[in-house]
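We call the chains A, B, C and D, going by the order they appear; numbering starts again at 1 in every chain.
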């Protein structure tokens, strides 16, 4: 995934968050889970920095959105403690796996700072900006 | 937040703990979660040192008391695994977010060593000493 | 420091690196060393991600450019082992402390991926974009 | 060592630093290197928090002042790499081992934020306040 794609997603995420009057952190990682781009909007709680990073990381490492990861990596799920591997992963929404047209995983985006629902919505808008 | 405020809170917390015949650790962090002051009362279990620090850190990083954080960062909450971000956070009471008169977060205080209820009560007395 | 300032610096750094035909990572942190913005140019070695972060962090934590920090935090310097505190710091150039007009530290920028000289030059251009 | 002794040392260190118009962090640890008390003076660089802690820890773990530790834990010393054990130690002055009248190690104090010479001087004043 190119840097320019990451920049496009950052811009789309910030615009959507501003439209919703929300403040978030946005982390974008490549297909190997290495950081590509990050932005923290003014006023976002500091704890969201690490959360956005872990959400993006979760999506790539297990090739699924963090909301889906939550169903298995939970005390009531099939793979409880999976969330404690890889330096700590996130079992709630806001991390989305990015795929190319042929389904290949090309990276992940994580959004944190608002409610899980809004984080997911913002990440979805950003991911769509990549493919449109 | 000034050092003198932190000293005032430490003193108030120790006095209240002594009044209740309890032994606690008290950690105070600034608005960016950096340590400002710490004190361990004689006889407090060693494990409470890190707990008091994490409680204060939790309160600042997510701008809420750790007792409120516990409701969402829990296997039964909306954001299970949030408690494992940022180096480990605390999903029980005793961390209180400190705000100025206009609502701006100026720091956090964490108390640990007694029951959660008593930890909260001591932290509340200390926080009130700041604003009175 | 506002997010828009960080974005301005990121853009200036990328433009300067492209002009020099170099590939770098750019990390920008606030006055408390918390990440504000990050960007990795296509083709930059992966090891530079953490280096750029640590350079920015070094500049803020000790309120000096990392090239100056190198003079004291070195086996031949006055404070050998200082570079091993705070999770690991960087004793070479590329981290620049950002100050407001009145000299207050407002953040730091770290550039990594090229030679130290080029990293410093790119960081300097970015820092100047902030004040111009 | 009692908490009241740590408080006495904190107060003495702050008074001496204010007299010298310097800003420092002061960390005091017990005979087992566990934190007892900490204070950060207004305006002290954030990097000094961890340094003051590591200085106090170094003094207790090897039962010598960090300035003496520096002579052996250095690329030119007899035990190079010793400074990289125990989570990172400090090979420069500012950490002082605290002993009772009979020579038993009872704790350590670490001061950081000024020059090594001034850090040592302030720590010495604080340690003397304990024994006087």
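The working rule: a residue touches a chain if its C-beta (ideal position, glycine included) is under 8 Å from a C-beta of that chain, and two chains touch if they have at least 3 such contacts.
Labels paired with UniProt names: A, B, C, D = Heme-binding protein.
Source: prediction; values computed, not measured.
*Asks:* Suppose you list every residue number at the chain A (Heme-binding protein)-chain B (Heme-binding protein) interface; are over half of them used by both chains (same) or under half (different)?
*Replies:* Homomeric contact, different residues on each side for the most part.
*Asks:* Does B-D or B-C have the larger number of C-beta pairs in contact?
*Replies:* More C-beta contacts join the chains of B-D.
*Asks:* Could you tell me the distance, in whole angstrom, between the mean C-alpha positions of chain B (Heme-binding protein) and chain D (Heme-binding protein)?
*Replies:* 26
*Asks:* Using CA atom averages as chain centres, what separation in Å is found between chain A (Heme-binding protein) and chain B (Heme-binding protein)?
*Replies:* Comparing mean C-alpha positions, chain B (Heme-binding protein) is 30 Å from chain A (Heme-binding protein).
*Asks:* Provide the C-alpha centroid distance between chain B (Heme-binding protein) and chain C (Heme-binding protein), rounded to the nearest whole angstrom.
*Replies:* So the centre of chain B (Heme-binding protein) lies 33 Å away from the centre of chain C (Heme-binding protein).
*Asks:* Multi-chain contacts only, two chains or more: what residues does chain A (Heme-binding protein) have there?
*Replies:* 46
*Asks:* Write out all the pairs of touching chains, ordered by chain label.
*Replies:* A-B, A-C, B-C, B-D, C-D
*Asks:* Which residues of chain B (Heme-binding protein) touch chain C (Heme-binding protein) in the complex?
*Replies:* Answer in residue numbers: 30-34.
*Asks:* Using the touch rule from the top, collect the residues of chain A (Heme-binding protein) that touch chain C (Heme-binding protein) in their complex.
*Replies:* Touch list, chain A (Heme-binding protein) to chain C (Heme-binding protein): 2-3, 6-7, 32, 34-42, 46, 49.
*Asks:* Hey, which residues of chain D (Heme-binding protein) end up touching chain C (Heme-binding protein) in the complex?
*Replies:* 45-47, 50-51, 54, 70, 73-76, 83-84, 88-92, 116
*Asks:* Using the touch rule from the top, collect the residues of chain C (Heme-binding protein) that touch chain D (Heme-binding protein) in their complex.
*Replies:* Those in contact with chain D (Heme-binding protein) are residues 32-33, 58, 60-63, 75, 78-82, 84-86, 89.
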